[in-house]
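Look at the two complexes coming up: subunit A is in both, with subunit B in one and subunit C in the other.
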Partner chain A sequence: MSTSATEPEAADLVCQLDNVQGMVDALTSVRWKRHQDAVVELSEHGIVLIVEESRCLQAKVYLQRELFVRYGYSAQGRPRFGVSLGLFVDCLNTFSVPGHSSTIEIQYPGPDMQLLLKSLDSANACIYAEIRTRIPDMVSWDYNFEPAGSTPLSFTVKSSALKEAIDDLEWPGSSIQITLQPVPPSVTFRGDGHGNLQIDFKYYVNTDLLVAFHCDHQVSYRYKYKFLHATTSNIPASVIKDNRGSKLTIGRGGMLKVQHLVSVARPSISHSHVDSAGYQQPSRIAYIEFFVKPEEDEATGNDS
Partner chain B sequence: MELSLSGNALKTFARCITCLARIGNELAIQASPSQLAFHTLNSSRSAYQSITFKPDFFDVFTISGTQVQCSVLLKAISAVLRTPLTSIDHLSVLLPDPDASKVQWTLDCYNGMRKAYWITCNIEPDIQHLSLDRRKFPSSFVVRPRDLNRLLGNFQSTLQEITIIATEPSSLPSDAASEIGGKAVELRSYIDPTKENDSSLHTQLWIDPAEEFVQYAHVGDPVDVTFGVKELKAFLSFCEGCEVDVHLYFEKAGEPILMAPKLGVDDGSTSNFDATLVLATMLISQLHEGNPMEPPAAAAMRHDQPFHGTGSQAQERTRGNVSEYPSDHTRIWSDISGSGAKSGNGVEERHVEGGRNPTTKELGEIQRMSTMHISEGRSDVRNMARGPNPNCHPMETDRAREPQERADMEGHGLSQHHPSNWVDADEDDDEGDEAELCVQSTPPYHEE
Partner chain C sequence: MKFKAFLTDNGVSLLEKRFLPALDKMGRICHLYLTREHTIFLHNLLNGDGIQSIAQFRKEALFDDYRISSQNDDRIAFAIDLSLLHRALRSVITICAEFSGSHAGSGGASTTNRLQIKLVKKLPPHSQQPMPFLTFETKGYKSAVIQDVPISKPLSRSDVLELQAALDMAQDLPRTLVQVPDMNQLQNFVDRMKHVGDLINVSITKYGDLHLQISTTLITLGAEFRKLSVIGEQAEVPVGDRDLSAQSRTQRAIQRGDAMTVQVNVKHFAKSLQCHLAKPDCAFYGIGPQGACLTVIFQFFIPGTRQADKSISLHCRLPILDPGSN
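Then we have the complex of A and B:
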């Protein structure tokens, strides 16, 4: 047990972040409803935030310790707490000043198990916030994502194209069927409602639309539109601008995993902690993962 | 039926769909080996748009049989065209056989995505046909969409109907006592008189067709047509996008008006697409209030042009409506060729700032306008009358003369330009019912 001589020493986690906007972007990408209860898990590796809906959709944001300017972890085990996602993001947003480097310090727990945030930019003024946390009601559902078979079924597509396709697929007003087929190598999204819409991504070597494609047998699963839409609805603009790709993997039983990369690096001002962009880029990325359960009845032409 | 198009034709096509979607809900498609026609009719049956394409508009145009027809919802087509046009390589439309229940619209995008939409279509559509011969319209004008949009900018943006009053332009400056030359056309907001809480902005705008229109043709008695602004603006957007002028044909109140893009010299023969918009007009003429041209019921049956929208009993618009609220009316002048009283609605400023650069002559007038507004003397007004500008001929008439003029109006011998259009040069600012220096409305209202 650590002696509680001064508060910072007693805290499980004290970390400093020099680009609040990046964290806001990363957390915003998993917002699909106004009120979402998130579970935050702290570890020596970083911070993970998990949100979930009706046991059908789960999203995780991984903020590994390398994203932080300072990461002081001194907890026993892995503290978990619940916090309102909207409240957390809106609060972080108040610390973020566009065009300025905004450095904040996050500390947990406060005297009453709060999440404490403090601005570190200015010597003359300080913004200080406390956010109430909760004991999480239930254990986060571990989606236990397993590969579909010996070879993965996955493809990597340009994030902007994925978002465009999912936005277009609102029109049919139905669930969306995703089909991967090896010959010819292609991914198809299809909605059959009051009209039909089919969007094909063909895996050609010369386009950068489908960056990667792995599929050895045809699979097809249906997913509720609103869950699929949640995976791309709040992709931050930086993802589109950076021309990033999103990786989609179909696991056992049709579970869909959608992965995005969100840059947390500051675009302009150089900080003494930041090395040349090339070296730091890989660790200045937050990983976003969505898990979407398929609709039960449709499993046409699939093995296991 | 199979079509394919790309590039600029696709842009024009998308513009057509946007315009059609602003007019009606359902798109009737009729294809024959010689052309493809799109029609739509709005729900109140007061606006009908038709667009025809020749086969060479398309990259691929294949029609099996003599005629194929179906109808689809315009909302669905608009959903197809949500994809940015710059990312579309080509659009293909396929109706596999004449009784197919769905028509397939496919977008092939530059980035490799292919989007195929299957849209339910009605194969026995209730296709209305309305073809009016442009040559039968006695009056017309041609205007640049940008110019007409600028004039419409003087009206409240929520305005639903507008009246255009056309009079015969005099070529010579007429006797100051009776005729006025120049401002032959008036645009006036039409506000439904049965609406109880009328807090709308009323606007009247007199313009000189020689300055504002590219062409103008009207002879004989003044006529007026009242029609919907929404459809007019939709068509103006369409023409502006196609970079063509708008040709508007009209006859008189109650008769439909026809709008078409002015394509080339021969009006369409050189182009591979054509569009027309027919709008019904109100039966009641704004010029002859209290004297409807014919009983509404009978009028409604004419030419399949049902009465435009608002309600069959709204026709009894009396002259009193204009005279009851004289001070609620905003009266402005065209900045190009006139002077005017500022009624403080801020429109004047917009006029002066934007739009065309006024000529030095016009700048002089605007200066005189301000001068006139400030001063109470009559001398400035007279200056205007005698000024070198032939377009501006304020009418110097006594109020006493009005009853006579009114009588003329009601009778057959109408004066082309109502004397009360013009500021009465003899009157002081303090005189009369209104303290404001303003133009009396057309037609005149009662003095009290």
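Then we have the complex of A and C:
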């Protein structure tokens, strides 16, 4: 019955993390509604958490093994389990003490296939949790994201500007058209409905906002606002503060990929000289990816 | 029925900065119970199944020139809205400060703008019926400012007796009390824990362990604090128990009769931690006899010492939802 009864050696995974808040931030960024089921996949490379909605929106959080202080993996194959994302995040959040860096140990599976968490900071105070897992009922939608042509169609925009633009596009209507054109190099977000709103990012005008731009022919696709909104709605404050870029890529068939980087670095007070480019050890970054399917009903989605 | 007193500077700062903000979190309405020697703020003693809180001051801690008389053994009790009381006190203090500022040069200002508090009956505007008020009065050089805080009709003799009986009942001490290590940290933790479930199990051992746990069908989340200072009955930790998990250690302590567990509403528990707004110097949790309630006792030191200030006391009693298997 007790947690210590399991031999840690028998577990598929025993890992330790020294920045719980970073993990909370990373997982929160894919939490777009209250009740979400997530699938967690373990491997020797790290932990991947996947959430999706109505086969139109999928998000993945990659926590590579380099983020962990210790990563003991001893499973055959790749264990997968289902867990309530909200519960997992709320639970992890209790381990995060503001102003302290707290170290936790994560173990899977427990004696009853639970996910086990415990704090390692002090001998006289211990926080522990056992989260019930499920056999994952969804086969995650494994979309093979392929580039649309020989050169990728992508742009990188400051995360805060992207969030602001998408937030502003809420009022005109339920679908948003994204257009990339090579001459002059620019990205346009357009919402039509009760009214219309168009937001242009022009490469030569706002080089500080639109950090990178690759496009050799004009493309235009429409996406449901609520899915587009989900890609930035819970972006953690730390990402907005660091204000690195978020990368958007349009793949074959108009599939939109949105990537954010979330820092899971140990908060250090003495070395807070993150330089202007927001450079941090690449190994201490969690990668967040969203895949959004385009709307198919209209013939607007096309390459020209 | 008469009550009239002057609030001292210390009394003003105790109430305005510390106790009223803390007590307001317990519930907006409370009973104010005045006796010959004490002023007591009481929450949920007569009614309701909410968290009970009792803040008691000796009259010298708040007032000087304290006069009270009633036909009920000089005891008066009424219900009052704490946020209104707080507002009135704050506004009176600002005015007081202005007066003393403008009189700084003239001397004797401190004696002229004393803050008087008294019970009155007045005819409120558009009403035929006189209503009771607790009135604050500051007399300045040229003007006087009066703040009337509406209160309930004073409690009847039998209600006051009932209140006194409930107060006497609420004085029983748990046999074992453990000291909370860091109120702020614990509050932070419990505030986050609240999202996970509604009921919290609290276990206290004679070894000085405080074990909190929320358990639902989907999750068990807990925290164990060990080697805390103990007041009252204590015991040595059995040697074999040191390396067990928190849950099994608590289980064994209960079987041995060295611990008690109760279940309370996590919202009540979080509320009880809000009392640290009153800036106590330390806090102790304990489980009442037969698991009747979870008690938290706050201690205040005489400023500049480590000695408990006997003139101020604050404690809360949390209703038990499940007496556990003690």
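Operating definition for what follows: the second predicted complex is superposed on the first by the 278 of 304 C-alpha atoms of A that agree within 3 Å, B and C clash if a C-alpha of one lies under 4 Å from a C-alpha of the other, contacts with A are read in each partner's own complex, and residues count from 1 in each chain.
The working rule: a residue touches a chain if its C-beta (ideal position, glycine included) is under 8 Å from a C-beta of that chain, and two chains touch if they have at least 3 such contacts.
Since the model is a prediction, treat every value here as computed from it, not as a measurement.
Chemist: Check whether A:H214 is in contact with subunit B, with subunit C, with both or with neither, and answer first, second, both or neither.
Modeler: The answer is neither, since A:H214 touches no partner chain.
Chemist: Between subunit B and subunit C, which one contacts more residues of subunit A in the superposed model?
Modeler: So, of the two partners, C touches more residues of subunit A.
Chemist: Have a look at where A:Y128 lands relative to subunit B and subunit C in the superposition and call it first, second, both or neither.
Modeler: Only subunit C is touched by A:Y128; subunit B is not.
Chemist: Once chain A of both complexes is superposed, is A:K202 in touch with subunit B (first), subunit C (second), both, or neither?
Modeler: The first partner, subunit B, only.
Chemist: Touching A:K247 in the superposition: subunit B (first), subunit C (second), both, neither?
Modeler: In the superposed model, A:K247 contacts neither subunit B nor subunit C.
Chemist: I'd like to know which partner A:H229 touches here: subunit B for first, subunit C for second, both or neither.
Modeler: A:H229 contacts neither subunit B nor subunit C.
Chemist: Can A:C91 be said to touch subunit B (first), subunit C (second), both, or neither?
Modeler: It touches subunit C, and subunit B stays clear.
Chemist: Contacts for A:A165 in the overlay, against subunit B (first) and subunit C (second): which applies, first, second, both or neither?
Modeler: first
Chemist: Over in the complex, which subunit A residues touch subunit B? Could you list them?
Modeler: Within the complex, subunit A touches subunit B at residues 158, 161, 164-165, 168, 171, 194-202, 204, 207, 209-210.
Chemist: In the complex, go through subunit A and note every residue touching subunit C.
Modeler: Subunit A residues touching subunit C: 1-5, 84, 87, 90-91, 93-94, 96-98, 123-132.
Chemist: Please name which positions on subunit B make contact with subunit A in the complex.
Modeler: 76, 79, 82-83, 102, 111-120
Chemist: Can you name the residues of subunit C that touch subunit A in the complex?
Modeler: Answer in residue numbers: 181, 185, 188-189, 192-193, 195-196, 217-227, 243-248.
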